[in-house]
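The two complexes that follow have chain A in common; it is paired with chain B in the first and with chain C in the second.
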Partner chain A sequence: MKLKSERHGSVVVLELRGKVMGGPDATVFRDELKKHLDDGIRKVVVDLGKVDWMNSSGLGILIGGLTTVKNLSGEMKLARTTDKIQSLLMITKLVQVFDTHDSVESAIASFSE
Partner chain B sequence: MNSTLTRTEDLEQLLDTLRTHRARLADTGQVENPADLAAFLAVLDDRLSQLVLSLNKSLEFELLRKTALLLARAVEQEEVLAAMLDGLKQVLPYDAGGIYLVDSTPPKVDSGDENGTSAPQDGIELSALLVRGYDEEGHRKFKQKLNEGVVGWVIANGRSQVVDDTQKDDRYIELRPGTRSEIAVPIITRDTVIGAINLEADRVAAFPEESLSLLENLSSYATVALERARIHRQLMEARGVERELEIAREIQKKLLPVELPKLPNFELAGLNVPSEFVGGDYFDFIPLTDKDIGIVIADVAGKGFAAGLVMASLRSALRMRVETTYSIRTVMGIVNRFLYDSTGPERYVTTFYGVLDSLTGRFTYVNAGHNAPFLIHADNRVVQLTTGGPLLGVIREAEYAEAIAELEPGALLILYTDGIAEAGGDHGEEFGEDRIIQLALAHKDKPAEEIARTIERAAVKFHGNASPIDDRTVLVVKHL
Partner chain C sequence: MKDETKLIIPSDPARLEEVDAFAERWMDGMPFSEDQRYDIAISLSEAVNNAIEHGNAGDASKKVTIILTPIDGGIHIKVSDEGGGFNPESVADPTEPANLLSESGRGLLIISHLMDEVKVEPCKAGTCIELVKRFSSSKAS
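Coming up: the complex of A and B.
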């Protein structure tokens, strides 16, 4: 998994690439997310458009992220979920838990001011 | 009626009737219709008994939850066991108790430690790991008699015992004056008895049969605590992450059922192949009544030791709740909160749980975020069992729905974990659901065991050698 982050005002966009499979990937994601939360950022978009594959452990990364952000009264949205990720969300019935968007722009625009 | 928990509305109605009877009695000074009153008192007796039972169950549940919490925090084995034994006193009052271990190696005698002792006899060597309520004299005797008596019997036979009156049981050896009743359950790993939990009380029949299930649940936690410590010692030489995974694998192995229950007209198969590096699959067949059986398949997120603990918690919570609660969607809701509270939202489990009535083929199930099992009907129609709710342990307030499926003669139920469905996915195409269905259809007439094996082998072959493969679990339920 590769991870890139970019700030858009008060929003951070975390872009995941490649295969997301838990284990070391989870630590990388958690550390990066923490860095932004420590800076006071509370609006997070996870861009999944370039994820080749994700298994259920990879999904755990997203669940962990959502929990962390929510505990700090922040919001985390998913952008460009692939078919595989959508199917994982369906199987685990977490579709309603995550706010998903077709584009990074619409995810950013959806944050309440 | 007995299996349903008393609802508040029922109680309010009961209270209304009670007040009516009372008012009538106060007005007239006599019982107008004795038969009516007698019938009401019978209902009252029944409901109050149920209420007492469910209150006791809540206390038991709380003890299990606290123990799971301690285990999850990876506290020292002694601390976990001490909390267990002391907490037990609130729920199941006893006057003396202890946790005993089978020593395969000659015991070390710790100087000044009154707990470290043994008495080799008949090939079994026991040591008292932790004791409460024995005076020095009693304990000195205990040192010599440890593997005799009821505890010795329980360990030798691997079966729990309730002794209502110690004076009427030939196996009982007096080690403590005053003891009149006793309860003992073995601590069992996959195939061996490694110890026992024993409680004694000064009154006759202090331990009802029902308390066995609580003790047996606690005993499975004791297994985890003891195995962790034992394997840790054994693997002291090994380094790094290897050791952690080894421990998880061992614990997982010990929690899976050794023998599948036998049901008339049904054939069951359960196949679990742990991977080299993960270790989070779990399944169980829980006999509920002569005809009903609970079927569980689950996948714990993450790897290593923590996954093993979540699995132990799930097993215990599920086994405990299915015995006492009627509706399985309620069971799921409770287990979900239990996992959320005892492990935190970073740990989650996808779980499918169903109850099969082997007389009618009726299968009531809840799917908590698990890969949907396939029900292949006798006429080859394929249905996926999806009804339920989110995976367990993430959303505390989650609600679960249940559904009913019919397994008519000739029907086949295939349950699996993502290790099967996602095989190959990390470096290419996924094995996927369609291949599972095709294989099941093609081998429908083969024995359940063979169908499970065929699907697992095909997934492994499909995955190839390009990368390590996940845990694989396949359960097959076949209506003959």
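Coming up: the complex of A and C.
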């Protein structure tokens, strides 16, 4: 997995790429998220548009991120979930947990002021 | 038809990429669709993760063995660990509201949706997960 982050005002967009399969990926994601949270960022978008596939460990990484952000009274949203990832969210009923958006722009625009 | 192939790795999640590349290379030329290849890759990673984390309890001295076998109309995958045994019945339903925010416990649920056959049972050294995916499979994520 590769991860790139970009700030858009008070929002950080974490773009994941490749295969998200757990192991070292969890540390990479957690460390990058922590860096932005330590800077005071509380609005997070995870862009999944360039993810080839993700397994349950990848879903666990996202849930861990969501819990961390929520515990700091922040919000985390998913953007550009591929059909494969959307299907996994349906199978696992995690559609009930994540706020998903078709584009990064709409995810950014959806944050409460 | 391809020959059966085997890979043995230590219980280290960092080796998952190697397992994925091993299976991808071996499946090259097989008439699976791209979606079916993803289903196999996801399921194999789940089975290996399960063997590392639950079967072998992360003990790097214990091995995980992956055997890929061509069968008539598809492939058979066997992943075995050297742990003390794993009871799939003991896994809490990850779709229950109380478990939705759990960071683990979804692997077998996902495998069962993606593969045509799934069998988890005790074997010689620990637990074996056997999976079948057919070229004609309509099951997909």
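Criterion: the second predicted complex is superposed on the first by the 113 of 113 C-alpha atoms of A that agree within 3 Å, B and C clash if a C-alpha of one lies under 4 Å from a C-alpha of the other, contacts with A are read in each partner's own complex, and residues count from 1 in each chain.
The rule is short, and it goes like this: a residue touches a chain if its C-beta (ideal position, glycine included) is under 8 Å from a C-beta of that chain, and two chains touch if they have at least 3 such contacts.
Quick caveat, the model's predicted, so the values are computed rather than measured.
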Superposed partners chain B and chain C on chain A - clash or fit: clash
First, second, both or neither for A:24, with chain B first and chain C second: second
Which partner reaches more residues of chain A (counting touched residues only), chain B or chain C: C
Partner chain(s) touched by A:64 [first = chain B, second = chain C, both, neither]: both
From 26-34, 152-160, 422-430 or 440-448, the chain B stretch with C-alpha clashes against chain C: 422-430
Touching both chain C and chain B, counted on chain A across the two superposed complexes: 19, 21-23, 53, 55-57, 59-60, 63-64, 67, 84, 91-94, 97
Complex contacts: residues of chain A adjacent to chain C: 19, 21-24, 52-57, 59-61, 63-64, 66-67, 84, 87-88, 91-94, 96-97
In the complex, chain C residues that touch chain A: 13-14, 16-17, 20, 35, 38, 41-42, 45-46, 49, 94-95, 100-107, 109-110, 113, 140-141
Residue ranges of chain A touching chain B (in the complex, touch as defined): 19, 21-23, 53, 55-57, 59-60, 63-64, 67, 84, 91-94, 97
Touch list for chain B against partner chain A, complex: 278, 299, 301-303, 345-346, 348, 350, 368-372, 388-391, 394-395, 418, 422, 425-426, 470
